[in-house]
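What follows are several structures.
Look at the two complexes coming up: chain A is in both, with chain B in one and chain C in the other.
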Partner chain A sequence: MTATTERPAGGAAPAGARPGAERHRKRLRPAQLLAPLSLAAIVVTFGVLSENFLTGSNLQVVLASSALLALAAVAMTVVVRAGGIDLSVGVAVDLGAYGAAALVAAGYVPWVAVVGGLLCALVVGAVNAVLVTVVGIRPFLATLAVWLIGSSAQQLLTGGGAPIYLSRGETPDGFRVLGGGQVLGLDVPVAAALVGALVVAAVLGGTVWGRVLTAAGDQPSATRIAGGAAGSTVASAYLLAALVAGLAGVLLASKSSGFVPFSGQLYVLDAIGAVFIGATLSRTGRTSVVGSLVGVLIFTLLSNGMNLVALSAFWQDLARGLVLLAVLVAAAVLARRAR
Partner chain B sequence: MTLVTETPAPSSGPSAAPAQARPRRRGAPPWLVWVGYAALAAQLVAFSLLSPVFPTASNAVTVLTQGAVLAIAGFGMAVVLITGGDDVLRGGIDLSTGAVVGLSGVVAAVLTAAGTSAVVALPVALLVALVVGAVNAAAVVLGVRPLLATLASGAVASSVTLVLTQNVKVPVSGGVFGWLRDGSVVGLPASVVVLAVVFAVTATAVGATRWGVRAYAAGQNPVAAAVAGVPVQRYVATSYLVSALLAGLAGLLLTARLSAGVPGVGDQLLLDVILTASMSVVFSRRLVVTIPGTLVSALFVAALTNGFTLVNVGSQWVGAVKGVLILLVVAVAAVRERSVQR
Partner chain C sequence: MAAEVAPRVSLTGVRKSFGAVRVLDDVSLVVAPGEVVALVGENGAGKSTLIKVLTGFHRADTAVLEVDGRPASVASARDAEALGIRVVHQDRHLAGRLSVAEQLYLGRDEGGRGGLVHRRELVRRAERDLAASVGLHVRGDALVDDLTVAEQQLLQVARAVLTRPRVLVLDEPTASLAAAEAALLFDAVRRLAAEGVAVVYISHYLQEVGDLADRVLVLRNGRTAGEVSLRSAESDDDGGRVAGAERHALLDRVVELMVGHQVAGLGEREQRRPGGEPLLAVDGLTAPGAFTDLSLRVLPGEVVGVTGLIGSGVEALADAVTTGGTARGAGGRVGLGGRRVRSRRSFARAGGAHVPAQRRRDGIVVRATVRENIGLTATGQVSRWGLLLPRRERAVAERWVERTDVRPADPEALAGSLSGGNQQKVVLAKWLARGSRLFVLDQPTAGVDVASREQLYARIEEQVDDGAGVLLITTDLEELVGLADRVLVLHRGALVAELPRAELGVERLLAISSGQRAGRQGQEVPA
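Moving on to the complex of A and B:
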């Protein structure tokens, strides 16, 4: 693809040679404060509008409802860091949920269902990896195609889109605890999202693999010339993303006691929005796990607050879209002024 | 993708310079160019054999009518793809197209149902579409990635559609909508005539004017284009306005075809529109998005949906086939692209 568009983002790199660059690099840019300030504004606004908003029990509800979106956003973060985009993350969630629910319904023990669900999701990642790195299709189109095929596959697997329901009696406790249980006072999905986010953040930030991945995302040709295994690293990014999304799917299956086709696709657009809102936290516009989690919190707190003040669903969508647009435009304007 | 503009027109003088060692012809290997057309022909033949209804004139009109909405929205998407380039995250794409198709159709339907005359309702609907386009253009020029800007504006547009209709369809009948649906001009259905006119205008603008050439230049190498004096940002901004306007027009046709402004219908259209515009690459020898290619692939997709219905294949297969189709098409394009770069 074109070499022209890969200019180093932000301008941190060329500044390195100048004296005083060290100080320049440390200075916070106004655009970086945008996401935290939006988060604070949402908290203050709804804290004033509804007395139930800032209560412990409500915040627990917020955390619980953000867990699955957080995992989807973490998955998206990995792929975007590798210079791609994954529109099929919702399909991976769905297939993870389908695999787990179908295996539980067929009477398998919980761990087989979990592994089976994760494997189903990994298939999505493997297809993406082959299409993007071996065949050389652009990630947007490749994962879009996988999204379409995956949607069809769900309909075919479920006989035209019939949901799978797991009745309370036939579901083993070991599986039900995944969606409804508690670990160390946290809901299991919240704990799983935290662990998943920590692991991915550590792997991205602290390993050679993570550094090669980041380099491959910023400068694919340069990474290849420098001897980095750009192709296989990017391929593994799609696999890791599918695995994390599959985990979200397994939790979803347990939480909702079954599998409803296409339920994972609700997460795709919010995950993309959260990841890029999070990217404004970095001075170079790079995505990060922490940033994505901030983005997820912005979306979840907004939904929760609007529910509490009893805004109708149509207006909620409008407000979410406007907030996303406003944050992105403001970040672009601030970044422009700083340049 | 960046280098293809240097292609010497190969067919211009085949006998003129045969003596010199001919430079290796850039662009796609000749046989691959026909893969897209061969697939189209194979599809038409297969459906004709399987269903006696498929190759009739009245069904051809149905396909054309169904394809009109897709093609017109696809032209807009094609202009955005051409002008914005094809980078994964920063390249041009208009994800608000589907939502704008829905919004403009619903605005026209709501206004008509409220008793406004069509002379006012249709321009207002197009104006609303242009507002979304202007928001996209402003956001992209300010530096928001097109993917995100249009994703967000699309989300806003589709929720405005829901707010306007409360998720209930708004029936319309008669008047301009009746004419668009059932009327005809010299024997051709009105929507096909609209398609022909829009195609002629867009294809000429993109393929045969200075604006079109510069739009391609801005997309393929923005830096070089800017150095050469092309106001790249202005071209990019214009492309989103064009896209929104054409999507708005497609929305009016869709509302006429369905005899109602149906909320949510545009969102289902988005993937087809992206498919249509991206697939046009296959019908171009230089592997670029083109307007005639978009028309051919819109008819391809419309015929596919229509044929599957006639042959009685379950609708759940249509998505899979479309997905495989995108993959085949873009894989061929990727392979061809590699042979170009080598």
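Moving on to the complex of A and C:
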């Protein structure tokens, strides 16, 4: 037998750079620039096409109209980062809005309405968490089922889909301010979205929980073997997402003075699109709060610009679809070429 | 036609750069029909890149390819296949939910009429083909997922062999195979070579190379470091290959070429004197379908080796120990440092480290950086109250990257971008950083280059000298002989032997694990 003579003495590996060593250097890949460049292109295009686009008041409108989508996208970011997807995020928004509106209509004080709304939304997260991590259903299917059930539940709760309207008189100021007030010169929903985004970003990037969540999203078995609590962390991701979406719902209830069934559903697909546009910002395709916000801005600025140039609504989804596709296709092509 | 037979495949003057880094510089690979050429070199030497050029995955900056004397070009895997160039990769590219038969014939027209496949017929044919091509006996309707790693590997080889290739490239095919299964593979390779197939064999196991290859091509740092012929003009034995001391000397020459300098042998190690309360106490451990009622102890300062063939149950041991026998259908009791192991988490908390066999799936998070991988496990060292301390994390990562000599020495490199040996260093580093005291190492050096292997051993031995315990589960018998203080042998789900260090020997271990000794004569690996 050749025995151990084939092995060099410990640490005797050849010194000096090996080929390939520099490949690992952290450097920006072209694909990472796609989303920011698209954003810039949209700003420039509509800035040229419409003189009203790059004005302070219009940008305020853009921010205000992106706040709720931003929260939904932040919620989606958490779940996608944990290796899942949440089709029921709109249901969480709706239940948050329903809970808050119903409690206000029943005469409860604002903070009870807010907490009640958030708890309603958390139910959605809890069901998702159990289905995905305990029962072991794939996130896409589990949250699809919850979405369907949640849609039906809204109709049953509102007697066939009748909206709840809150009249000015019966709405306490403390609740109205959530959707219509200002804080530090920002609309309250915008400020809430910023705070929510910051908190989630900090939790994802700066805590052990976020580290385990990210790892579990990629490789659950490696995470468990590494000593991480993969299951409970992924479960809590669904709860956090529902909470953030519920916050969007509460703000929506205040903003729209009531609850209109299914209004949260509008955010689901845009949120998914924004999250995956944002993932191109990372060299490994990891979702991030910052990236998702870039994606949200792309969508919102695009819609806003198209409205300003009076593009028919029939064309708008087409345009958004094309932008989403363009970013993702370009990212895929660049990734292939980098091989 | 020229009098001399044209090489089956001739790939010459290969240059390839990634960005500014030249990874291949004027490398040539020429293989005659029926010749077995071993391609060796440390991780990062350029072996994989060369093969990827040959198979059209990478486009070389310059290269000349001829097949059977005719100019050819490959721009894609399909081109390579059309030329009869087949590769069996190190990582198994299998679709786990297919049956063995489906996987075996995947992508090939094995049609009954009208695209319909006669399922039962296919299953039987798969069983015959597997037995004939690589000597693998498994059910054709079993799921690929349910095969062991070694069986999957053989299935992969069979897949390539059945396409009747003209050039067959085997990339580390025995990394997960025990000696007896590797022998099946060697037989298959020799048969193919006898039929005129040109074989390129990539391996870290030089002994295999010596047993199999006609010629050894050594790469180092992207260049040809040298060639060593193992054929002998005088000898007619073993297909005219050199043997004995002469072969030994030639292989020593190969190692020198690989590392670029003369190497010293690993000296005989002293017998350690472990003592104290057992670190790891396994009692009556049962893993369904693998082994039953297994008990063992690991003392502080001791390396306990466990080995066995496929089907002996060794593959399931690491998981059973690190989960404390809590999987469904499992049973028994695992104590670590006096605490009962009830989950992977409690295993880690009690000071256990698990270096798993499936490195890319279970060992590292490939899309995370080296720093993040280390921080994920060494949470106690890099966080407080659940908050990560970035500066501390960076310092811990840098320290352990340096101590385990991860290359490149960059904590921000993506773990998945490292070579196999360096990935394994990261796996070990994260547990060392956590301060683990009991290491369960499952096939720790499969697919790891010689130099990295030596470094891994050195780190492990330091820990053991410092009072840590190691449960070393491996089919690499030389590794066991070199490292273990005593070795337990599993056969058909039961412990059949325990050998102290003084009685260890590769041939003896092989004989026992294959059932030739210890009262279980003539038993084959379960079919």
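Throughout what follows, the second predicted complex is superposed on the first by the 314 of 339 C-alpha atoms of A that agree within 3 Å, B and C clash if a C-alpha of one lies under 4 Å from a C-alpha of the other, contacts with A are read in each partner's own complex, and residues count from 1 in each chain.
One rule holds for everything that comes next: a residue touches a chain if its C-beta (ideal position, glycine included) is under 8 Å from a C-beta of that chain, and two chains touch if they have at least 3 such contacts.
Because the structure is a prediction, the values reported are computed rather than measured.
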item: Partner chain in contact with A:85 - chain B first, chain C second, else both or neither; value: first
item: Contacts of A:284 with chain B and chain C, given as first, second, both or neither; value: second
item: Chain B versus chain C as contact partner of A:269, first or second or both or neither; value: first
item: Contacts of A:332 with chain B and chain C, given as first, second, both or neither; value: first
item: First, second, both or neither for A:167, with chain B first and chain C second; value: neither
item: Which superposed partner A:209 touches (first chain B, second chain C, both, neither); value: second
item: First, second, both or neither for A:218, with chain B first and chain C second; value: second
item: Which superposed partner A:226 touches (first chain B, second chain C, both, neither); value: second
item: Footprint overlap on chain A, comparing chain B with chain C; value: 1-5
item: Touching residues on chain A, where the partner in the complex is chain C; value: 1-14, 18-26, 206-212, 214-215, 218-219, 221-229, 283-286, 339
item: Residues of chain A defined as touching chain B within the complex; value: 1-5, 80, 83-85, 131, 135-142, 144-153, 155-156, 160-161, 269, 272-273, 276, 313-315, 317-318, 320-322, 324-325, 328-329, 331-333, 335-336
item: Of chain C, residues touching chain A in the complex; value: 18-24, 42, 44, 46, 58, 206-207, 210, 220-222, 248, 251-252, 255, 259-261, 263-266, 322, 344-345, 347-349, 354, 356, 361-368, 372-373, 375-377, 379, 383, 386-388, 390, 405, 407-408, 410, 412-414, 417-418, 430, 434, 450-455, 457-458, 478, 482, 506-507
item: Residues of chain B that touch chain A when the two form their complex; value: 1-2, 85-91, 93, 135, 138-139, 142-145, 147-149, 151-156, 158-160, 162-163, 166-167, 220-224, 271, 274, 278, 314, 316-324, 326-327, 330-331, 334-335, 337-338
